[in-house]
Every structure is written in C-alpha cells, then in structure tokens.
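All chains are identified by letter, namely A, B and C, in their written order; residue positions are counted from 1 within each chain.
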Amino acid sequence: MKDSGAPYVTADGRQIGKVLMDMRGITLRFGGVEAIKDISFDIREGEIRAMIGPNGAGKSSMLNVISGFYHPQEGEVWFRGEKRPPMKPFQVARLGIARTFQNIALFDGMSVLDNIMTGRLTHMKTGLLAQMVWKGPAEREEVENRAVVERIIDFLEIQAIRKTPVGRLPYGLKKRVELARALAAEPKLLLLDEPMAGMNVEEKEDMSRFILDVNDEFGTTIALIEHDMGVVMDLSDRVVVMDYGRKIGDGTPHEVRNNQEVIDAYLGVAHD
Amino acid sequence: MSAEFLYGVEVIINGLMAGVLYALVALGFVLIFKASGIFNYAQGVMALFAALTLVGIMEGQVPFSHIINATFGTDVHNFGWTVPALLAIALTLVVMIIFAWMVHTFVFKHLVGQEPIILFMATIGLAYFLEGIGDLMWGSDIKTLDIGIPQGGSMWVENLSKHLGGEDFYGFFIDKLDIVATIVAIVLVAGLIVFAQYTKQGRAMRAVADDHQAALSVGISLNFIWVLVWSLAGMVALVAGVMWGAKSGVQFSLSLIALKALPVLMLGGFTSIPGAIVGGLIIGVGEKLFEYMIGPMVGGATENWFAYVLALLFLVFRPQGLFGERIIERV
Amino acid sequence: MLYREAGDFKTTYAEDSQTFPIKFDRWRYWAVLAIAWLVIPFFVNDYWANAILVPFLIYSIAAIGLNILTGYCGQVSLGTGGFMAVGAYAVYKLMTAFPDVSILIHVVLAGLITAVVGAAFGLPSLRIKGFYLAVATLAAQFFLVWLFNKVPWFYNYSASGQISAPERFVGGIAVTGAETAPWAQYLICLAFVTICAVMARNLTRGSLGRQWMAIRDMDIAAEIIGVDPLRAKLTAFAASSFFIGIAGALFFAVYLGAVEVGEAFGIQKSFLVLFMCIIGGLGSIFGSFAGAAFLVLLPVALKVLGVDILGWPSSTVAHLQLVAVGGLIMFFLIKEPHGLAQLWRVTKEKLRLWPFPY
C-alpha cells in the first residue's frame, strides 16, 4: 500500500495524484446504532476508488457523509488539503462534489434536458431580477451553460431523448441521465452510488465504459459503490472494504482479493 | 384566592371544554389519516353535513325542496312529521355510512397511490361539494339543534365553587352542554379504542394503518377497511356536529370552527389519538387564555388566528409534532 | 398541416429555448395579444368588463402567482387571500399617503411589499413540509385578515372599517374611482397581466425555475445537487407573493373600489385561486389563464342557466356552484391532474401529427 501523499504512477501507467479527499476517523450514529465505526481512508486525484461490502455495511452512509447529507458525530473530513467544516449538502455541491443515487433521484416533472441543466445550477449566478427580464445576462448564461450540457449529452449519447420527460424513460437510460446531471456540474469528485444496480450485462458494459471515459477524458476523480465484483475489480484503482460499519480492507483490487478478513466477510465464517 | 385568579381558572376550564370539541373533530382526521394516508380537510364540513342532516330528518324536511319547488312549481317543505331524536341519529348514521361508501367508491378508490398533497386537495374539493350538497338538501338558513341535551350554566358547579373566592366571586360558570360533550367524547374515545384493540375489524384496521401491502397480502380487504374508517369518521363527525350544533346553531361557520382541528393535529401529530386529544386541549386552553389576557390589548377576536400561529411557531421548532417520532431523512 | 415543427430549424440554443418553438404558436400568441389590446377595448361594455374580463385578468395574475409557489415549487399555500389583502391595503395606504405619485408605481410597490410579507411567512417552509405547510399558511391567512380588521391605521381610521379607492388617473384617464370607464379598467389590468405573464414565464424557464421544480420533484436530491433550499423557497414565496400582491391591489383599487377585508380576502379567496391552479394545470402559465377563465365563467354560466333560464332562486344556484366546483376539482385530480393545460397539450400533440394517428 502506498501511504505517502505523493503522486505516483500505477503498474498499468495511470497517473494518480495527491490526496483529494481524506476521511479521518469517521463515526456516525443513528440513536444507539453505529452505522460507521471509526473509518479512515482517502481518495486521490484522478483515481477510481471503490467501496464494497455486504448490505448494511455503511457504504451509502459513508457516501452521505461525503456529500454532507449526514453529519458524523466524530472524525474529520478533509477536502483538497483543508479541513471541511460541517456543511449543508448544497454547500458541498458547490465545492465540486457531485453524485448519483442508489434509487434514481431524477426530477420526474422535467425533461431530460432540464434535468441535466439542473446540474449546472452551481455554475449559474444570475439573480431574480435578471431572470425576470431574461433578455441580457440571464439568456446569455442559459445559452453558455446549454452548450456545456450539450457536450455531455453528446458524450453520453442521449441526444435523441433530450426533450423527453424523464418519467417516460426506461431504467437504464434514467441511470445515464442521472450520470449526465452529475457530470454537468463538472465536479472534482464524482460519487456514484451503485451505478450498475439492476442493469443487464450489456448496460453494465456501457456504463463501465462511460465511467472509464469520464475518468480518462475529464480527469474526474470517482468514488463508487458497487456490488458486482467483476466490475469493481476491473474498474477501480483502489478498494475500501466495509463490513458492519468497520473498515476491514483497503488496497488495490489484487490486495483486497487476497485479504483473509475480506474473504471471511463475503463467504461467511463460523463465529465461535 | 383572588377573584381574578379564579376567573383565570374558569377561562382555563372553559378552554378545556372547547378543546374537547376540537379534539373530537381532530379524532376524525386521525382515523382517516392513519388508515389511508388521506388528510381529510372535509372533516369539518362532514360535521356540518351530519348536523344539517340530523336537523332535517328530525323536522321531517323534504330534501332538495328548493330545487323541487323551483322546477315543478310545487310548494313542499315538510313531510309533516317529526322524528324522535334517537331514531333520527340512527338514520343520520346510515346517511353518513352511505356517504362514506360513495366517497370511497367514486373518489378515493381512483386516487390510491397518489401523493398526499393531491389527496389533500381532493378533500378540499370534497369539502366544497359536500357543503353545496348539504345546502341544496336542507337549505342554508341557520338551524337550531335540540336533541334534549341540557344547556345553560350549571348551578351545581357554580354553587359548589362559590366559596372558593371572596365577595366578588360568584363561582365557576360552566355550560352543562360542555360537561355532556366531555363525557360523550370520553365515551367515544374509549369505544374507539376498544373497537381498535379487541375486534377483528379493529385489528384489520390497525394492520392497514401499519402497512397497506402487508395487510393486503394476509387477505384484508382494503376497500372494506377504507369504507369502515370513513364511516367511523362520519360517526365522529356526527357527534362533533351535534355538540357544536347544539352549542352555536347549525350554520356554515361550524365548518370554519372545525378548521381549527388542523392546528390541533399539527401540534399532536397526524397519527396519534392521544396527540389529537392533548393538542385539542392545548389549543382550547391556549386561545381562551390568550384572548382573556392579551386579547383586550390588541382589540380582541384573537381566537381567529391564535391556534394557527401557535401551531406554526411550534412546528418551526419541532417539525414532528408533540408525539411524532424524529424524522430521519434518507436518500 | 400548418401545425408542425418540420422545416422550422433552430440554429441557436436561444431559439431552441424560446417560449413558443412552433411557428404557428408564435403567430397565435401575437394574434391573441393584438385582439386583446387593439380590438376588445373598443367593444367592452360595463357588463363584460365587470362580470367577466376584469375579474378574469386579475385572477389570472393571482393564479400565476400561486402557480409559481404551488405548481412550480410544490409548496401548497392556503394564504392567497391574506396576501391579496396585503397588496390591497398596501396600495390603499400608498394611494392616500402619496396622492401625487402614479398609481402604476403604487401597484408595483404594493407587489413588492407583499413579496416581503410573503417571504417572511415563507421562512417556516424550510422546516415544515407538505400539508403541514399548507396548514401553516392558514396562519398567514387568518392573522393578516384579523390584522387589517383590528388595526385602524390600515384603514385610515374610517368609521366603517372599509377601505375605498380614491380617484386616480393615468395619462389623464381615470383608472380608479366611480367614474372609471370599463375600457380603462380593462386596459390597466391587461397591461399588468401582460407584463406579469412574461415575467413569470421568464422566471420559470431559467435556472431559478429549474431550482423550484427540483425542490418540488425531490427536495433532498435537489439540495444534494446544489440547490440552496432556503433561497429557492424564499424566492418562490417572494415572486409568488409579488404577483398575488399586484392582483390584490388591482382587485381592490380597479375592480371593487371599496373593500371589507374579511369578505373580499377571506379564506374562500385562497381556495378559489388554488382551484384555478388545479383546474387550469399546476406548473403551467397557460393553465393559470385557463383556470381563471374557467372559474370566472362557471358562475356566470350557471347563473344564466339556473336563474335566467330555469328560474331557480339565486341562492340555490350559488349552492349548485359549490357542488360543481368541488366536483370538478375531484374530477380533475382523478382524471387529469395536470388540468386544462394538459388537455390542451395533448390536443396540440395530436394536431402535430394530424392527419396521421402516430
């Protein structure tokens, strides 16, 4: 394991940068239940970082801590070398952290285009009055951001459904639109909560390709939760393994695969 | 004890009595909300409708007489008989059960699975509809409702409490009607609890309240349960309508007074029967005390808004209500 | 065959995001505006202005306002009557305190004052959601009406407790007071409606409108993708109340002339405007107009049918109206939750493909 904060190059030639996000000793409780127990790990610039573990291991809770939706009772969150004070989710989004959701959270009353445009909100600054007048700053801003969104629509190959209400889309496309919305924010860190859940093999292949392309072309750092081990092992640079709210493994896919505790957690072991 | 203090106590007691009536209406809301997730704005109008129907039946009024007369040029108003109170109450109950069945079959059966706020707006529509129907059936003039409940101040309480104060205190003034209402309310709540706890239908009702799908899967008929709760709510509305109607006449403002059950529910939480009762008492006492102490300084009639503002402020600090559980949001 | 997109190519994003992307729609829009501005003023008489046109225009503004809050931002409000009262009393105080300033400015200021009041009552919306909020807005309704009733300063200590609009002129023509010509009443309302509708349309198509809709559709997800819920909700409350305040000001100053607050701006008014939004279509500017037209015309039609033709007493017809409105609300929520606007949209979609079924 490489613990030093310095950038390095992996065996297959991928550039891994400095530490982008550093979770230090995070503990999260709901009432008496400890969802996360004293977990530390980091996410480096440019890498694809996976979180795996059985159901109820605390993966989604960890993602919620990163995106500011849950506030841990103990521990510190460091982002880009600075300690992050307790923040509201929308403030976290403005720092450049975007995400998708386990159960698709698109805005059903809006078209695909409008949904993706909401991803640009953190970049749109015109106020109430300018919006009322429209001609001038508001329209200019709208057109500029529309251009960015159109690039992402091209990238994810969803040109044909631009104006379709999202409610009418099939599941796989909804997942893709959700990814588009997160990408539209041009995030520094992209969190994906089970991006391939419920997909068939073909759709999974498509989604994997998109994730790799995003990482490659935009240089976006990605942290993802996924249950499909094959996908995780293929995609990710490093893996955190969680079980019952604890971290039981951390390292490259190869290291994790041979970790005895991880094997126990997944295959089950007789407890005395 | 000073007279002023004792009059304050009297205000509190009267507030409690008013609170019982609010709680009665609120109870109807809770029943329907628990079982079907429908926030029934029309509960107040149901009370009005029940009271109107009761008066109409007792006095032998011909329903829709205005339209009949206008259309056919006839001049019928009364059947020419009067119906004894108990029989009339039973008949009104039948009307409310038919109403419950119609509401479920024609409206809410088609709205199952809609968002709560859509259901809420549908009940506002229902309130309008029912109010119009009530007026068309029985006319919109103010009616007095007399089913033989004693009224006026209770001399017994007054005499009993006289000696508490000095020369200038004449004892507590408490309306006999309020005492009857309180007793009826207690009996009604006890009855409902027994029904919910110890009967087959009651158990089914609680199962539905817990989880529609699960209840369906063990063979409970959702349609039947929903008609049942609407009927129960109709019955509670009838009781509330009778009490309010006897107190201040059967008229449209009845449904506005019943609106106060809404802040009561916000205080008590939508799903809690004890919450409805405690909330009702708090609102009842609160608005009477506020009117008694602050009212004269600001021109009175603070009862119009006090309940709502209190509920609003309360909710800002405790969004889940008095008895609700802390909400954990998930994504 | 006229009604289609084919051949109408868009070469810029601005063109693609315009209000009426289809050429025929643009023509019709300008035609409606031309008729409203250039034809109707010459034919409007007292009955048409007072019974139909002026209330229709004013309710349209109110419905647009409520639609922004409820239809676009998803916050149900039952305080519309109270906020209209704020607009009415604000314009009254301004008119009597500064008689030399133009009434047009007063109406806009009244809208701004209402916006501030609305935003203040919108503050709890951050913590209270769904029908809890709907009930909380009742606090605004009842408190505001009580306030205007009980504090004599608001009605300038008049003995009756009413407020009545003094005569005011725009360009030498009376627009308020007893001497106002029907066409003048109509035109001043039309002017405000036109501007308000365009502003509302602009607000709802840009980034702010998308923030509102995001909050409406899924508030938690909206916050996580970067919508500040407080700011989004407060701007919705403020913008909504701005339009509702203008509607209230016009309702008092131009339409009624004299107002008793409990009667003109009671809870019934809140429901009426909410019904306009539901019947017309939540989340649609066009729907606000359709709903307002429908609920202004319905009583007139029922009256003509019931009183004039069937000879029923007018109180019976009034009750029948309650039944009709309540029944329609339930019908629309069951059959077409998106209201008349959706029916219109479906018709247009069919028209686009006509004469082919697919």
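Here is the rule we go by: a contact is a pair of C-beta atoms (placed from the backbone, for glycine too) under 8 Å apart; a residue touches a chain by one contact, two chains touch by 3 or more.
What you are looking at is a predicted structure, and each value in this text was computed from that prediction instead of being measured.
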Most centrally placed chain, judged by C-alpha centres: C
Most extensive contact between chains (C-beta pair count): B-C
Chain B and chain C, separation of their C-alpha mean positions in angstrom: 33
Length of the line joining the C-alpha centres of chain A and chain B, rounded to whole Å: 51
Centre-of-Cα separation between chain C and chain A, whole angstrom: 42
Residue list for chain B, restricted to those that touch at least two other chains: 329, 331
Residues of chain C whose C-beta touches two or more other chains: 220-221, 224
Junction residues of chain A, two or more chains touched: 69, 101, 105
Partner chain B, residues of chain C touching it in the complex: 74, 76, 123-124, 127-132, 134-136, 138-139, 141-143, 145-146, 149-151, 220-221, 224, 267, 271, 274-275, 278, 310-313, 315-316, 319-330, 333-334, 337
Chain C residues within the chain A interface of the complex: 12-14, 17, 199, 202-203, 205-211, 213-214, 216-218, 220-229, 235, 238-239, 283
Chain A - residues contacting chain C, complex: 67-69, 88-90, 92-94, 98-99, 101, 105-110, 114, 117-122, 124, 126, 128, 131-134, 138-139, 141-143, 145-147, 150, 181-182, 185
Chain C-facing residues of chain B, complex: 39, 66-67, 70-71, 107, 110-111, 114, 116-118, 120-122, 124-133, 135-136, 140, 256, 259, 262-263, 265-266, 298-302, 304-305, 308-309, 311-312, 315-316, 319, 329, 331
